Every structure is written in structure tokens, then in C-alpha cells.
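Right, one structure below, let's go through it.
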Amino acid sequence: MVDLSVDLGFLKLKNPVLAASGTFGYGLEFKPFYDLELLGGFVVKGLYLKPREGNRPPRLVETPSGLINSIGLQGIGVEAFCREILPELAGLKTAVIVNVCGEEEDEYARVAEYLGRHRGIAALELNISCPNVREGGRCPAQSPEATHRTVKKVKQVTSLPLITKLSPNVTDITAVALAAEEAGTEAISLINTLLAMAIDLETRRPKLGNVLGGLSGPAIKPIALRMVFQVARAVKVPVIGMGGIFSAEDALEFMMAGAAAVQVGTANFVDPDACLKIIRGLETWAEKHGIKKISEVTGSLQL
Amino acid sequence: MVIDRQARLVEVESWGDYFLFTLDSPEIASQARPGQFLMIRVSETTQPLLRRPISLHNAEGNRLQIFFQVAGEGTRLLSLKKTGQFLDLLGPLGKGFNVRPEFREREIFCVGGGRGIAPLYYLGRELRAAGAQPVIFYGGRSEGDLPLRYRLETAGFEVLVSTDDGSAGFPGFVTSLVEEELKKRRPAFLYACGPDPMMEKLAETCRREKLPAEFSLESIMGCGFGACWGCVKKIRRDGQEKYLKVCQDGPVFSLEEIVWQEREHG
Amino acid sequence: MVDLSVDLGFLKLKNPVLAASGTFGYGLEFKPFYDLELLGGFVVKGLYLKPREGNRPPRLVETPSGLINSIGLQGIGVEAFCREILPELAGLKTAVIVNVCGEEEDEYARVAEYLGRHRGIAALELNISCPNVREGGRCPAQSPEATHRTVKKVKQVTSLPLITKLSPNVTDITAVALAAEEAGTEAISLINTLLAMAIDLETRRPKLGNVLGGLSGPAIKPIALRMVFQVARAVKVPVIGMGGIFSAEDALEFMMAGAAAVQVGTANFVDPDACLKIIRGLETWAEKHGIKKISEVTGSLQL
Amino acid sequence: MVIDRQARLVEVESWGDYFLFTLDSPEIASQARPGQFLMIRVSETTQPLLRRPISLHNAEGNRLQIFFQVAGEGTRLLSLKKTGQFLDLLGPLGKGFNVRPEFREREIFCVGGGRGIAPLYYLGRELRAAGAQPVIFYGGRSEGDLPLRYRLETAGFEVLVSTDDGSAGFPGFVTSLVEEELKKRRPAFLYACGPDPMMEKLAETCRREKLPAEFSLESIMGCGFGACWGCVKKIRRDGQEKYLKVCQDGPVFSLEEIVWQEREHG
């Protein structure tokens, strides 16, 4: 029997596999496919204070081994979430993590504060890295200073553990990670999507209603893995890796590179039971390699 | 809603770019309703990445049927599957057409353009079972784009065909054929599935004629089961216009709900 | 008949298709496949002052729809190039562009100066964006200041037109582009590869001898296209776009986004005649769409 | 060196994971030499992206043969090709084995491990044509890994087989079998192709026995024709150690040129 549990310090997970925000709905969408309690946890879709309409369609384009999305964080807002959805999730024996959004720095704090008053939330994930809601795809996670300020503000208003989610659209990902760590984040997750574009030759217009979008899926895995490797060597807090994870083997690469846990995003669309398959695959791999505790894999890369 | 990774392809019929697959998938077949769809895995590699949405053309006993046209890489790969191979299906998905008791003994127009004909066979069967009289309109660019004509006719449906180039049936758009028929008879309801220009024209006609209708919409889909918010269209519901999910709240919407947008990109 | 020629101001090309540096050898490798004079031009592999051994193998890893390389600019050096290769290229009726490298800023200038004394070179491409030769994948093109300084130094020592090649591993690609423009570059080319990584699960070691490498191919196209779009709107000098171009349709997307010409890289490995196919595809597409001059496509994207 | 996008697959033989393809490719066949290889397109999508290097197993008249083992996604896709389909080949590539006049009437050892046997059939034919006496050593993990044994024997070659598990022929590594034979006879030359551990062991033996040899090396290849510098190995030539291209300067190198590196990653 392999021990799949991982301890992030502020949070114990029964296994290192979390479903990524924006790809797992509010969790309930996946109930027809498997028992959510089998997951290490899941991160619900990003929430603002108010309901959001989201971006103009088309919102998706497929690209070679990848997917560009420009959803623009359509959602019901934190109040409706706490009223209508959270009660259904709160009893689950798995880590429910809420992805926190904000138009400006203060909104992040207000959403976090609101959520902090409710039960059933294991941690907050601070989404300062969505490329789909600001002009030109900009986001706070592109600046160490803005990252530091936002994390700090949120830490002041909630005692829930905080995972700060970084953007890959930066020159030096470690600088941003260190800023988040300094400001007191309990963990770092990365990567969000890469700012991208596609053009329709017939109409000569962008394929996405919002012009730019975020690239995810297997195409970005090599970039994500590099960034997780760099960040894990730079910070002391646990790192949660993601970007194109479609198999247990992919997840293991991220763990070897230094991730304590992983998130699975786009794969959930292709195979609704992707997380489950990955958890089982981790177990099989560990058994085959005589590994007793999966957490031993974290950072085991040899240079 | 289930994942069936072992749906055996038992029969393939094809006409040029058009394919009719018969699949063994007891669990999905037992839950299916007309207007619902499947998400089908077309490749074992990461390219193309996503499943492809394809309507249920029919479900009977343990069997499903799909009818599709090769539109790009994904449907091309699908078309290469051979009898005996297994397909990986997710379904049935979405809300289907609503067949109402008051349709009994009334004529119902079912209008399909091109590959949009796919769900209307199943719908026609359901209408007939409910005692209604489906009239199937089938439009294509040319005679070769009407491969299901014979199948629909031998199933005993009244089938009216049109071709843009006049090579078969009514010469002109299927929407004009519907207009012509409306001069002659008054159906209780209209169902439609087809390309955007056809749908917009039909919407106009239905509004003018005060003919209640349901339209099956297409949209690029990330997941097909409500998890990605990628497939939305603007819909008027409960007095508000909002982006609803085509995969979950649709693909069938009632005509008056649909907000026709200035032409979307792409 | 479609007019495929494009005028970059400092250089007229018979068509907008150039073979990208590092993927076309010194040009001669492609002679068995087609007449090099059919090309708009080609960029030879990056050259330092001295011969370079390159990085430790393995140097290549395939990833979903992509390729990571860590060649490390193995090459014969600028002297041997001018002595042994250039005479064979100099007579060709196509634009021969030389990719200029340097360990530090001064070396770029010395290589450029040396090349400036030879005939047969249409332009220099300043490779300040290779992720494979410095610690942690860093390069001058990650800083507007270093970019400005390097371009300026090179401009002082040569009258050959200069194309500055940018790195995608930055927060704000337009800032770097503007710095290069300010320093006097005649054109900008982008993108070089994205810093990436892959891990071998069995050995628990990086798959590349050099640990990190640069990702190219269709996987990165959506990111490259976005950056070309951003840069073309920011600068006045012509932009040469690249990153995952495998077909005429891909090339057209880059042109619509603002590229005056394109470069084809990884595709040359898969199909040695990729550039030729793309040139023919451009012609066919233009004919079908009633376009008389291909240069009309540049920047024709509608927002 | 040509691109042949119309190489028709005329025959497929297979044994478990191992495949022997016969292809119609007159132009490549007419230029080919033993030890050279092809770069084969395995997918029409971008995944897998690169062509795959596969040795020439044989060339005769208009026909080429390749022999390969499924190692991953690329070779798996290749193995799915059916008779009558067309393959997209680039070749012949690289420098082949050097067969010298002085081999005439001498015994020549040709050592292949696993899929490394692939080029030795063609080499054996060439050696025989040059009047030499090839002795083919064929090692595999188990009997099932020696699918070409019968083919080599019926071609009239002296074939000595070994299996790691002793299920056929000499029980043990093929390198030990070579050692055993060297106690009995003295060949003029040795050629080898196989996995790294086999090659390193053989190199030791050859050096000790002062037996001249050529080894065919493998390497991950970007292009196969010298354009990417991706496939290099450290080679001692003209008094210097440098990274030479396996695709262009190899894949065959003479033993004394090869610099055995501490085990590479990956």
C-alpha cells in the first residue's frame, strides 16, 4: 500500500491531485463521474464579489495540443456561491479551495474576507494571474510589487491559508514567487495560462471574441515544468504545480521538479475522470518503483 | 451522463464527406433523448486535443447512431474509424427537444440544413410516437449533400428537399421552401438545426408567422457538460439576457429565448 | 499572378518567407531539396567569434506538438564561416542573413564588425534571445536596457542592416521592442524559443544534458502570434514573425497580425521543403482571395 | 537524398511488437547503402511532431524494407499503417558501413541486439557480395525477441543467437556469445548495432582483442540531414574530440573514434 497523502503544512491532502480552477466548475459538475471525496481536493472557479457576465464568445480555440480560452471569469459571485453551492460542498471529505478574484487589489481582500466567514473552505487560491479580464492580458502577478501588496492585504483580512497563483507571462517567475512568499502566502501555485491568440483567415478577425486568451494544455507543459522547477528551488513554502498535466507521468515530472501537489486543468474537459485516473496512476507507479510515500518524489530530480 | 470507452462501431455507411455510424452503447442508448449529443474522443494523441460534439442521430435498444460531415481534422479522424473499433463516448449530454402532448395529430415542421439534419431523424421518430405528424425539410447545397433523404423517406417520413443549385427538389434555400409550405399549411411547431444563416432566416419567418419553435444551436465546446463556460450564447431567460451554456442549458433553446448577436468572430 | 515580393525598406525580398536561424544549417544542407533562390531568404545558424562546442547531449526532446532544443549554438565561428561557407552563399539571388551571437555585449559588436567586411550578406540578425547559452536561460533580450545597449554597440560598428531578435521569456515584449527600435534596429524578429524543461522519470534526471532548453514548434504558435501582434502595434520598423509556422495558413495569421515577413523554423526538420510549400501556399491563397500583392495582408487583421 | 511522399506499403509482416515493412520507393532504393537510414513521417497531425529514424533493413530493385520495434507513440503509429497506404520517407541518410576489399574470404562478425539487428541483413548481403563471410550474432531478451532469425537463416547466413533468459540459443548476453566465438575463430572485422550496454561491452572486447570495428549509433534526431545539430555524439577525429552529427557523420563510426561518455541523461 502506497501512502499517497501529502502534507502542505497548513493543509493535509489525501493525495497530491487537485482539480484546477475554471476547469472543474463548482465541483458539482463532476459528481456524475466519480466520488469527489477521492480527490486530494479541488479548486472551484474564480469568484468576484458580484456575478460576472464573462467575455464575449467565441471563448475557446483549439491549437496544436493546446486550448486558448477567454472565458473572462463568468460566474455567480461570492455571495451566491456561499448561499447556493458551498453548503453542498462543505460536508465533503476533501479539500475545497476557492479561487479568489478581484478587479483591483481591494476586491481580492473583500472576497477573501467574505469567504473567511464561511465554513467548509480549506484554503483560498489567489488568482492574480488571469489573463482574460484586464486590458492587454495584464495581471497583478506580472509585478513582484503588486503581488506583494495584494497578498499582504488578503492576509490581513482572513486567517484562511492562502495559495498564491502565479502567471507565466513574466521575465522572472522567481522574483514574483519570492514577493508572494515574503508577503506571507502559505503556498504558491503555478502556472496560470500563457497569453495567446489565434486568427480566422476567412473573416480576418481574432478567433476569440476577446481577441487575446490564455493557452493551456499539453502544449504548455514544458514551460510550466521549467517554471515550477525554478520556483521550487527559490522558495521555502510548498509549490503546487500545473500546466498540461494529462497523466500520472506528467504529474510525477512536476513532483520531481519540486511540486508538493499538482493541479489538473484542461485534462478534465477531455476526460471527466482524468483526476481519478491520475491518482490511480500515481499509486501504480509508486508500487512499481517501491515507493512507500508519494511525497518522497517531491524534489527528487537529480541534476 | 456516462463515459463509454467501449462503444463498438458496428456499422459504417458513407456518402462522400458524410458518415453514418452505428454504435453499441447500451448505457447511453438507454438514457438518450432526441436533441441530445455526445462528446466523442477522436484521437489518442493530444492532437486534436478536445472531444467533438456530435448529435444523437438515433438511439434504439443498445444501439446509437450518429451522422456527421467531415469539417476539419477532428471529424476526419473520426471518419477513419473502422467497424469493430471502439469509440470513447461521453453522453448523453444537454437538454433535448421538447415534444409536447398538444402536438398530437398536428403537423410539425422539422428543418435541417446540411449536417443539421442529424438530430431530426430521432426527433421525427419521437414525434411520431407522440402521435404528431413530422414534416422533414432537408436542405443542401447540391444533391450530394442530401445523403439521408432515402433513409428518411423509407422510414415513412414526409420529406421535402431543397438544393441551392436546384439539382434536387426545390431549387433554392430550404428557408424559402419552408416559406412556400407555410403558404399552404399551418404546423403547430417548428424545430430547426443548421448553419447560422439558415437559422437566422428561419427565426425571422417564425417570428413573422408567430410560429413557436425550438432551435438546436452549435458552439465550440470545451467539455460538453457544463464545466468550462466555453460554449455560451446570449439567451433571454427570466427577463434577463445572459450567457447560458449551450452544452447544459441547450443545445436546444426556444426561439424567443435566443438573442441573435451581431455576427460573432471566427 | 500574385506579387509575392515584400519591401522591408532596407531589404527587398522576393517573397516573405525566410528560413529561421538554427533550423536551416548554413543553408547548404537544403540544397538537395530545392533551389535556395526560391526563398525570400534564409538566416544561417548563430555565429560567435570562435568555434563553439555546443551543449552536452541529449540536446532534443519532443513534447506535445513541440520540440525542446538545447543545442547551445554549436558552430564553426565567424572566421571559418566567412572563409568556407560564405563564398558558396554569396552568389545566391536570395537574401542571406547572418545570425550574430555573443557571450557579452562586446562580442556581438566584434562579430558584426567582422561580417561587415564581407560581401554577400543582406542583413544581420542579432540573436540576443538564445536561452541555451547562459546560466538559467537568461539573455540580453530580457531587459530593455541590455537590448538597447547591445543594438547601439552593433549599429556603431557596421552599416549592414540589423534585425533584432527578441525573446518571448519576458513580461512586456513591447518594452523590449521599443528599446531595440530606439537604439536604431532596422527590423525586429520574434519569437525565439520559450524556456522549457522535461524530466525522465526512470533516471529522475532532466531529459536535456543542459537541463533547460528552448521550446519551438506548433505548440508555441498561439503565444508567438500574440507577441507579434503586440509588437507590430507598438513599433514602426518592420516585424518578422515566427514561432510554429508549419503552413501557409500559419504564415498568413502572422502577416495579418502585423508581420511584414515570416521565418520558418522547426518545420524545416519535419519537411525539408516546408519553406517552399509555404511560399506556394501563399500564392494559392492569394489567388483564391483575389489578392494581387501579398504585402497587403500585413496588418490586415480587423478588431 | 530525396523525399518520397508516395512510398507504397506493399507488405507487412509482424511478430508481436516487431514489424517488417516492404515499401515501393524506387528512387531511394536506387541510392541506398547498408547502414543508412530513413526519416519517416509517422503522423499527419503535429503529434508526434518529428519524423522517426529507421534503418534500411534491405533495398533491392524498387523495394525498401524496414524492420522496427514499437518503442513509443511514433513507432506505434507507424505500426498501424496498412498495406496499400503511402508513407512519407526521407532518405537515404547518413554514412553507411564501410565494406573493404580486404574482407574477401574472411569471416566478419555482425552483432545485433534487439531491434539493432535491423541493418545487419542488408550489410550481410553486401558483405557476401564482396566475397566475405558474414557471421550474424543475434541477441534478444527471449526467444520472442528474435523474429528475424528464420529470415536470416533462410537467406543462408551463419546465424548465432543468444537470449538473456536462455529460451533460445546461447544462454546469456550476445556479448558473451561473441567472446565465446572469439576463443574459436578470428574475424577480420566486427560490425555492431544495439543498445548502449551491449555496445559498450563489445567495445571493450574489441579493444582488448585488437579487433577493428564499426558501430552504428542511435541518437534522438531532429532532422536527420545535418540541419539541427541535435543528434551529436562526442567523436575523436583528426586528433580532436568534438561533437559530430550522428545523422550526417554517422550513424556508423569506427570504434576507435567513439568517445564513450559517462552515461547521458534520458
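Should a chain be cited, it is by its letter among A, B, C and D, assigned in written order, with residues numbered from 1 in that chain.
Going forward, contacts are C-beta pairs under 8 Å (C-beta built on N, C-alpha and C of every residue); 3 or more make two chains touch, one makes a residue touch a chain.
Predicted, not measured: the structure shown is a model, and the values here were computed from it.
K.L.:
Identify the chains adjacent to both chain A and chain B in the sense defined at the top.
P.N.:
Joint contacts, listed by label: C, D.
K.L.:
In angstrom, rounded to a whole number, how far apart do the mean CA points of chain B and chain C lie?
P.N.:
So the centre of chain B lies 47 Å away from the centre of chain C.
K.L.:
State, to the nearest whole Å, the distance from the C-alpha centre of chain A to the C-alpha centre of chain C.
P.N.:
From the centre of chain A to the centre of chain C is 34 Å.
K.L.:
Could you grab the centroid distance between chain C and chain D? Build each centroid from C-alpha atoms only and quote it in angstrom.
P.N.:
Spacing between the chain centres: roughly 36 Å.
K.L.:
Which positions in chain A touch two or more other chains at once?
P.N.:
Chain A, residues with two or more chain partners: 61, 64-66, 203, 205-206, 217-219.
K.L.:
At least two partner chains per residue is the criterion; list those residues in chain D.
P.N.:
As it turns out, chain D has residues touching two or more other chains at 45-48.
K.L.:
Going by the touch rule set out above, what shape does the chain contact graph take here: line, ring, star, complete or other?
P.N.:
Here the contact pattern is complete, since every chain touches every other one.
K.L.:
Quick one: which bits of chain D touch chain C in the complex? Just the residue numbers, please.
P.N.:
1-3, 41, 46-51, 90, 219-233, 242-243, 264-266
K.L.:
Which residues, counting only chain B, touch chain C once they are in their complex?
P.N.:
45-47
K.L.:
Under the definition above, what is the set of chain A residues touching chain B in their complex?
P.N.:
22-25, 29-30, 32-33, 45, 53-54, 56-62, 64-67, 69, 71, 74-75, 200, 203, 205-209, 217-219, 246, 266, 268-273
K.L.:
Over in the complex, which chain C residues touch chain B? Could you list them?
P.N.:
Its residues touching chain B are 64-65.
K.L.:
Could you please specify the touching residues of chain A with respect to chain C in the complex?
P.N.:
61, 63-66, 68, 136-137, 142-143, 169-172, 194-199, 201, 203-206, 211-212, 215, 217-223, 225-226, 229-230, 244, 249, 252-253, 256-257, 285, 300-303
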